[in-house]
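Below you'll find the structure I mean.
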Amino acid sequence: MKRIGILTSGGDAPGMNAAVRAVTLKALHEGLEVYGINYGYAGLVAGDIFPLSKDDVLDMIQRGGTFLYSARYPEFAQEPAQLAGIKQLKKFGIDALVVIGGDGSYHGGLRLTEHGYNAVGLPGTIDNDIPYTDFTIGFDTAVSTALDAIDKIRDTAVSHERTFIVEVMGRNAGDIALWAGVAGGAEEIIIPEKKFDMAAVAEHINSDRQAGRKHSVVVLAEGVMHAPEFAEELSKYGDFHVRSTVLGHVQRGGAPTARDRVLASKMGAYAVELLMQGKGGLAVGIENNQITYHAMEDLFDSKHKADMSLYDLNRDLSH
Amino acid sequence: MKRIGILTSGGDAPGMNAAVRAVTLKALHEGLEVYGINYGYAGLVAGDIFPLSKDDVLDMIQRGGTFLYSARYPEFAQEPAQLAGIKQLKKFGIDALVVIGGDGSYHGGLRLTEHGYNAVGLPGTIDNDIPYTDFTIGFDTAVSTALDAIDKIRDTAVSHERTFIVEVMGRNAGDIALWAGVAGGAEEIIIPEKKFDMAAVAEHINSDRQAGRKHSVVVLAEGVMHAPEFAEELSKYGDFHVRSTVLGHVQRGGAPTARDRVLASKMGAYAVELLMQGKGGLAVGIENNQITYHAMEDLFDSKHKADMSLYDLNRDLSH
Amino acid sequence: MKRIGILTSGGDAPGMNAAVRAVTLKALHEGLEVYGINYGYAGLVAGDIFPLSKDDVLDMIQRGGTFLYSARYPEFAQEPAQLAGIKQLKKFGIDALVVIGGDGSYHGGLRLTEHGYNAVGLPGTIDNDIPYTDFTIGFDTAVSTALDAIDKIRDTAVSHERTFIVEVMGRNAGDIALWAGVAGGAEEIIIPEKKFDMAAVAEHINSDRQAGRKHSVVVLAEGVMHAPEFAEELSKYGDFHVRSTVLGHVQRGGAPTARDRVLASKMGAYAVELLMQGKGGLAVGIENNQITYHAMEDLFDSKHKADMSLYDLNRDLSH
Amino acid sequence: MKRIGILTSGGDAPGMNAAVRAVTLKALHEGLEVYGINYGYAGLVAGDIFPLSKDDVLDMIQRGGTFLYSARYPEFAQEPAQLAGIKQLKKFGIDALVVIGGDGSYHGGLRLTEHGYNAVGLPGTIDNDIPYTDFTIGFDTAVSTALDAIDKIRDTAVSHERTFIVEVMGRNAGDIALWAGVAGGAEEIIIPEKKFDMAAVAEHINSDRQAGRKHSVVVLAEGVMHAPEFAEELSKYGDFHVRSTVLGHVQRGGAPTARDRVLASKMGAYAVELLMQGKGGLAVGIENNQITYHAMEDLFDSKHKADMSLYDLNRDLSH
């Protein structure tokens, strides 16, 4: 192996650039060459590929987004697109790849591996919804951004004695809601992993108000329902001065936290090591504080599990 | 004058606590006594009034929201409520008042002044929509929060080559949009003070895309229309990969910026000086970098004007 | 057990208040009573003890420092002080304790346990230098603050092509330097756990400069030497336009990060569970992402080990 | 005039990049060409000059430091260097210049103007020590950074009941100390513009401690003396548990605040307008909230004056 390619795929996440930087610097350190591939698999097929030098990545560790761009490209599930991608790898002399993105992007990586081009995947997504890793690159930053918003919203909730429904990202995974909710001292956390009872939520808020605590913050994962809808439903149970807010795309941007930068750096360097050992078709993770890997296939049959102890913890602390 | 009261009214704004602190400390320094009135005019009428000491306010300068709470209380426009409020002032021995809030809250202040209880108003609102002041307490912090969000959203806009419509607060005033837009390098700023032409917006985005700049951020004041609606309208002119986000209540919270703390401190101390000179019915402002005052009545006939030079500046820089 | 006490000891750390909050809320939830003890063991001996209610701690999760104050009190190593403390526990009807601080404060906890008052310790210190825990409460926030400073200093280093020596906290432990250094993309990380060779540092900076990368950031743990001294030594090897900066006490303050708040909340609730099981003399930790405990005595013979893989990682990425 | 050059000089300041961006975009908008000059006057003499396009500056508004680099170059006070610089201007076809930096850099600008190359200066320095402008580019960000540190240090000061001496930048000007001090609720502000009496400082701290307020934060401008020295002097008057911290270079970096970005954008565009009117030898400022200009010569005889009303305000609020 002499030359590796690197691409980012799926929704962007803070720390993707830190991961690209780590892959590049580690590979250069090991005497390899590195090529960047713009726009994920779409750019691979289109040949939007260029050499990466040390100078290209030195100022990248703190930048949000991905300077390699990202794009959806469902066509890569089909063989013609895969073969077109492989043609480009040949043309540019790329022997192996690092793929940063959600587990959707691992499918492409596995196909390339099967065609003889080893690919290693790094979990880059704010949702933390990838199996076989406790944390994804970008999750800690997204939680930090959501928490910052919750802290600010609580100021207004207290001043006006309101109930705020704060919708955070997480379609299938309640992780952002759980972490930002516990850290923000949420009165209630509503997530897809756990059925909730609107009457019980109302009863909780009501009993708090009667005890003199007249503001509440409910952190709601978008996968359950949208905040305005939740607010409307809740208001049927009483006048809790409900307001709703949808945090939205801000959660995807920003300079990565120290955690995310360190995680991205560790994982990026490790991906290069795996490729140097001639391995492919692997997804890197962090489990029990150790960097690990699993076969990409194993992830497709698995489902990420949120840390439900946080749910119970918050229940105990808020009731 | 021996004892002054202080209340916050209308929507909360960062820096209100810093203003309450400054009023309290300055008044104590001058040998006066200070009473806090909870929940604005509603609390005045209800007699929710208590003495404020130095220790109560010392740790308040950096806190968002208002620890005196705020509430809407339209009843205070009527004389019975005003007389009930005056009864409480008598009962608590309060001779004069500082009122912090939007210009709506100045009406109450003027009525109290007419009844012999001097009131001085401080402009506390994030919208910057009060006449005879260049800046309101809370505005700089709101702009800073909006800007932070715009910076983050731009990360995603760049990575995915999208057009983002970012809705910021400002019902009648485009100030937040103008400042955050210029500071965030917005491609377009849409405000109530200036008609816009959707076709021209589309043409601008389109020509940028053709020149290779494939992301755009449009900062939209809520008073014009809502972001999802704008996104839908814009998309009729072409596929610009539009996403929309509504920043919402986060703009009202958070620790105040240095500017807002200094402004609140200056204005708070000045309000006490005016009251000590036996003046009332006055609204404090900052004009041309000087702390000033005007008769409250003069504000009711006036309209705040946004700094439209920012609009022209942004047009020149983004086209 | 009906009533538990809680104190903070040693240097303050962000997240101590979040831990006090969690202990209090969890204990109240379980039907226990909670008493706060001001000024650590000094306040215990002096009887500076008061009941804590839900309302006392609800607004505490985001606050830096410790609202229970902290103080050095070496006298508690002696039996007379311990007996005086126990007298107070009896007087206030306190059956068991949670002690938050460095491992120095665990000695007192163990003595109280031996006298029949179960004590559980939580690791509250920014230095991360406590055995049997991967992370201490406050460490993530301190790293985040140090990183923020490094990011800012790099701006100036780049603009003026300078070499900056940034001294971070860590007397015996290089953890802050390692994490902030990797996350900040430091050219060199100098820690007590690893001998360094000034000539090699100079050679590295020199070769970077010759390759056109004319700025460097060296992150230095205070336990090795002070930044100005390091700068002077380094300058003997060439003119690298060296400047030094000592981050100092800012690293100890600030609102805790999401990580620290979640860690403090988990540990606080767990401490109450251990006490309810009649256990004492235990130190809580987080190991491999699980909340754990060990006998306090085991910690006294052990030494915290920094994650030296970060050192090697940084070497690979920066050379 | 067809082509303008732009350089940054002296110590870097947040917002310099925003100013370069504004100059570039405005000039391009007006049909001019723009050249960047690296390393200030040193780069001018060396011919380190290159064309700037829209794409070069689009992602620059939020970046700290200066991407045009800065360097000290006292040689430019002499005619030979000036003539060498003019030779380069001729060679690159540059007709006029914008110079961003402290008033030291205006001397060079004036010399170039006298030689027929109009130069307009923008005040770029964190110290706010330039005459004929109420604010310099970078000042608001530096105050914000200093304030953030003071807020964090207060956490520790409160927890341990200490007196903290916080040294901020400002050799001849107390502006950073005044603004950050008022905004941080400093118990004392010590600046070069105002003699202080150490005995009175000690007396103030002492009387606060006796009233039960056992922590203090003293904000000290570096131009008066250094923090450790101040701490030592103060401790001669009593044991106030004094600690000192020197904020240092962090104050020079970081993403500029909204204020600084708007100020830089306004001034940058205005500088181009002045050059288009055929004017030179002018220094741009903001006075009473209006963008203004003065002859560079007028600045050399003048002295910046700090807003001493802040000093009096803080005295009233803290005593």
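Here the chain labels run A, B, C and D in written order, and each chain numbers its own residues starting at 1.
Basically, a residue touches a chain if its C-beta (ideal position, glycine included) is under 8 Å from a C-beta of that chain, and two chains touch if they have at least 3 such contacts.
These are the chains along with the protein names UniProt gives them: A, B, C, D = ATP-dependent 6-phosphofructokinase.
These numbers were taken from a predicted model, which means no experiment stands behind them.
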Chains touching both chain A and chain B, listed by label: none
Per Cα centroids, the chain farthest from chain D: A
Gap in Å, rounded to a whole number, between the CA centres of chain D and chain A: 39
Distance between the centres, which are taken as Cα means, of chain C and chain A, whole angstrom: 28
Where chain D touches two or more other chains, by residue: 151, 158
Pairs of chains found to touch, sorted by chain label: A-B, A-C, B-D, C-D
Chain B-touching residues of chain A, taken from the complex the two chains share: 8, 11-12, 14, 16, 63-66, 69-71, 145, 149, 151-156, 158-161, 164, 243, 245-250, 252-254
Residues of chain C that touch chain A when the two form their complex: 21-22, 25-26, 29, 54-55, 58-59, 61-62, 134, 140, 143-144, 147, 151, 158, 179-180, 182-185, 211-213, 255, 257-259, 261-262, 265-266, 269, 287-290, 309-310, 313, 316-319
